[in-house]
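Presented sequentially are two complexes of chain A, the first with chain B as partner and the second with chain C.
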Partner chain A sequence: MRSTPPWTSRIFSTLAAMVAAYRIGLASALTAWPVLLGRAIFYGVCLMVLVAFWDKVGAQRLAGTLAVRLPPGGLGVYIGVTEWVTLSVPAIQLRLEDDIRSGALEPHLLRPKPYLAQTIAGEAGGMTARLAMLAVAGLALLAISGRPWPAGLGLVYVGVLGVIGALIGVLLYTLVGLTAFWLRRVLPALLIMQKLMFLLGGLFAPISFYPGWLHDLAAASPFAAHLAFAGQEVLTPSISDFSRALAAQAAWLVALVLAAALIWRAGLAKLMKGG
Partner chain B sequence: MGTISTYAAQSLAAVRTSFADRTNFALQVLGMSVNNGFWLVLWFLFFAGFREVGGWRLGDVARMLGVIYTLFGLATVFFGGYRDLGGAILRGEIDPLLTQPKPILPRLLARESIPSAWGDLLTGIAILSFSARLDLGGVGLVVAAIAIGMTAWLSTAVTFASMAFWFAGGRSLSRDLMDFTLMVSTYPASIYSGWVKIVAFTVLPAGFVAVAPVGLMRDPSWQAAALAVGGAVAYAALALTVFHLGLRWYRRGATPGS
Partner chain C sequence: MNPAITVKELRKAYRFPRRRRGALGALAGLFHPDIVELEAVAGVSFEIAAGERVAIIGPNGAGKSTTLKMLSGVLEPTSGDAKVLGFTPWRQRRGLAYEIGVVFGQRSQLWTELPVRDSFSLLRRVYDQDGPTFARRRDDLVERFGVGALMDQPVARLSLGQRMRCEIVAALLHGPRLLFLDEPTIGLDVTAKAAIRDFIREQSLAEGLTVALTSHDTRDIELVCERVIVINSGRIVLDQPTDQLRRRFIARKLVTLQSQSARLELDLPGVTRRPSEPHTTVLEIDTRQTRIEAVIGAALALGGIEDVTVEDPPMEEVIHEIYAALDQ
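Our next item is the complex of A and B:
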């Protein structure tokens, strides 16, 4: 009788722990349905304000400015997509900061299941519920608003790139949370990350409006993989852009998982050495 | 008087604690200053491309940012407990305060001072020194706008965080609501009309945190002063009511988040 190699069994055990954590995260989010509902209302309010801003800019159409390049329907749907992803990503950095600062992390280190993988999976479970709830809210708002729907398969592209983009967001916020090993508060790291999402992720304005060098820089960053690629599909949907975006997202997922693992190890080493 | 002196002693202790790790303090202040600089650069890029929004130009937005950074900095240095008030409720950190004779809310607010907020304070003052009118009357209006905006901001934070008395997810939602209120507060006031104006002066009171106080600075009048002060007082009353309702629920033994 052949026995399973220890590393294979470890991988299966880790995956099983992650699936269990994912299911708990999903169930917890669904149980707290009033909070989900509140988040959907919040999403609607966000859209109302941000769309009003861009509608005001678009209505002026000042000659010699970028306003003339705004799409005829405005940026309402683009904003809806980028905010859908942004508001679905859970605040995993808060949990990591709490556990690292308070020492609550230490009991987890004695257990055979990997803390970080389980935490990410649990938060991804909660994120699934948010993505679904906000998607329904977003589609309902789009129908009510009377704005044009994305052409062709645009909505499918947005769905796929948005979900993967949200996962990239969880990993980016995980990196922020792990800075708690060195900083007492992760707030500065969080705010810098958020501003990079605004600038390079296209949360402030589509990166296609940027000058060439800034557009290239943004497109090559994980922030575009997090937000801009999904948003861009409502402006100019195309299968070739979708395929390129998917490949870039896959590459960033791998890179961010590796980065999280490395930073986690470095943080643990610091914790073990100095407490 | 006892309440104020207890608050002041605890707040000063929190500020001193925040200075304890100097490297960490410097990193946080630097990080926040870079963050604020980023936001200003974003607006610079925006106005380079779009020139103006409803009559608001870069100088107007810079003045507003100066007020917001300064009020946010003051609130977070001296009342920093508001940042994670929802977390404190959920972790049961109110329990030891319930047995003590001093009012609970000021003690919760004074229990922490966030070092990075000094970065906000410094950038806010720096921006105002370049963009605001700094004669005696101008400085008076700036100080009034900051005091009014800070009252509205802290009141909003307490109101949102009090959701944690009833829902475990209230902590995360209140953080998102505050972050969004802050972000909306940095948009030009000229975008507010119709429903958006109603929202900005009710659900997400960016109107009372930024629009009304900055409006008082831009165009001082008794009406503008009444709107700004009235809004801040109304929000303070709402915050106290919601917090004490939550506290009453908590005293009954209801587990936070149940």
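Our next item is the complex of A and C:
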């Protein structure tokens, strides 16, 4: 019998396995470049529709006071950022649901590395390829549209907050996927999560437009950390807002990792008792 | 005997609420659930020696997969104890994982979208293998299992037989001491089945690998395993060497003959006719009394034979015979 390695060695070997899974996820996504290209085209179509909508709101003052608060150039770039993150996040909940429901999870449990960490790392690899591809598409569209570019370091802030926001999205969808241990089908949880992302995440409109109480609620939620913080930086970039957003994202990352770990343990205990 | 697996009074019972009739019944069930207990494994005890190849068989729902799941660590027993290579599987699952290989015939352990090579490379990290040792072992297994030409193909594009060979290589890459095989030849053609059986047997003999196998295919049991444990209704009903089992229960074969004539008349000792359509003759042969080639030779001598197939009787029938013999 092999002796159990010390915990530091186990952490490093787990990280090494996660890096390997990440690299393979990235390579797989890059190999399937036509899929990436298709996603970039879909991103462009989404932006055209949504930007046309917000331009009309701005031009015709359809929304009264809301239109007055629109930034110069409208919300095209904001929508570009939130859609960039949204369309890059993998549907990890479907994979978790499939593995848990079909029993495909069992062979993975017979390996010495944690299944959930490996799965998240692999999906994050694919997400990196999508983030890069859609970033190129988004910047190209911005250049073609002739709209103003974010001031100062805005793009850098957006890049950092967007990537971390996407990671938060992976963890949120992971929580949805883990409900399969109890619900079997994750669709109800997914619908709730998506509505919350839409509303509290500020997917189509900045949360700064919301009434005070709703803004405070949204800003304190993980959904704003997922989408709104990155989008806000293209409207009003500032180092202080960026720092606060970064701190909030870090806190949510830790909280969501802990939540995922706890739910995973509970789900696994249920599976190992009930089969 | 140096046991690789020791099982003592292992028991698994599932508890679930019975659904009551009607809306009122369902509502009442919310407050006073009617809990039913189903015993999948009812206190089994056995030992498997290091290097031994053992088949755990039984009809569907007999408890054999539940037993394997408990022994591999993915299912917690209700009571009893088990040691697998010195580990208590359900408490030390990760530690045990380094020592065992698992092949589930109906579930792929490989990453279907990845080329085989990438799946193997990922497994190297998963099992903390150092580069040179891993490369040597991989190359050796790839050559022995003849999967070199498949290495750069995505797993999803492999045939079932090719995939199963890769699955077994993947299960052996980290040098396990014990291999759990759950229906490793299910869905494979005759050639692929034979290859898989040979690989498993050779690997076990070459490396002293302990094998615990479940299968509904009697040939898997005959050709791979030296001992058979029969489970039914969660209990061990028979535990004996395969040779003895073969002599007692697997000595029968089914020969199906397609002929131009509507009916073939064969009168040989130990050969009985089973009901069949015209132009099809199904013969059940007791090979202890008459050899297969003698039956086929006699049939060919009659003339007009268009097709011949030789099959084992279904496992369910073998099991049925075992129960019948045990009842007597």
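Here is the rule we use: the second predicted complex is superposed on the first by the 267 of 275 C-alpha atoms of A that agree within 3 Å, B and C clash if a C-alpha of one lies under 4 Å from a C-alpha of the other, contacts with A are read in each partner's own complex, and residues count from 1 in each chain.
Everything that follows uses one rule, which is that a contact is a pair of C-beta atoms (placed from the backbone, for glycine too) under 8 Å apart; a residue touches a chain by one contact, two chains touch by 3 or more.
Everything numeric in this text was worked out from a predicted model, so none of it was measured.
A.B. asks: Once chain A of both complexes is superposed, is A:139 in touch with chain B (first), chain C (second), both, or neither?
C.D. replies: After superposition on chain A, A:139 lies in contact with neither partner.
A.B. asks: Which partner, chain B or chain C, is in contact with more residues of chain A?
C.D. replies: B
A.B. asks: In the overlay, answer first, second, both or neither for which of chain B and chain C A:217 touches.
C.D. replies: So A:217 meets neither chain B nor chain C here.
A.B. asks: Between chain B (first) and chain C (second), which, if any, makes contact with A:35: first, second, both or neither?
C.D. replies: After superposition on chain A, A:35 lies in contact with chain B alone.
A.B. asks: Could you say whether A:109 touches chain B, chain C, both of them, or neither, answering first, second, both or neither?
C.D. replies: second
A.B. asks: Where on chain B does chain A make contact in their complex?
C.D. replies: Contacts found on chain B: 21, 24, 27-28, 30-32, 34-35, 38-39, 41-42, 46, 49-54, 83, 87, 114-116, 119, 163, 167-173, 175-177, 179-180, 184, 187-188, 190-193, 195-196, 199-200, 203-204, 206.
A.B. asks: Report the residues of chain A in contact with chain C in the complex, numbered from low to high.
C.D. replies: 1-2, 4-5, 13, 16-17, 19-21, 24, 27-28, 102-104, 106-113, 118, 271-275
A.B. asks: For a test of understanding, state which residues of chain C touch chain A in their complex under the given definition.
C.D. replies: Answer in residue numbers: 14, 66, 69, 72-76, 85-87, 90, 93-95, 97-100, 102, 104, 107-109, 111, 113-114, 118, 121-122, 124-128.
A.B. asks: Provide the residue numbers of chain A that touch chain B in the complex, in ascending order.
C.D. replies: Within the complex, chain A contacts chain B at residues 29, 32, 34-36, 38-39, 42, 45-46, 48-49, 52-53, 56-57, 60, 62, 64-67, 87, 90-91, 94, 98, 183-185, 187-189, 191-192, 194-196, 198-199, 204-205, 209.
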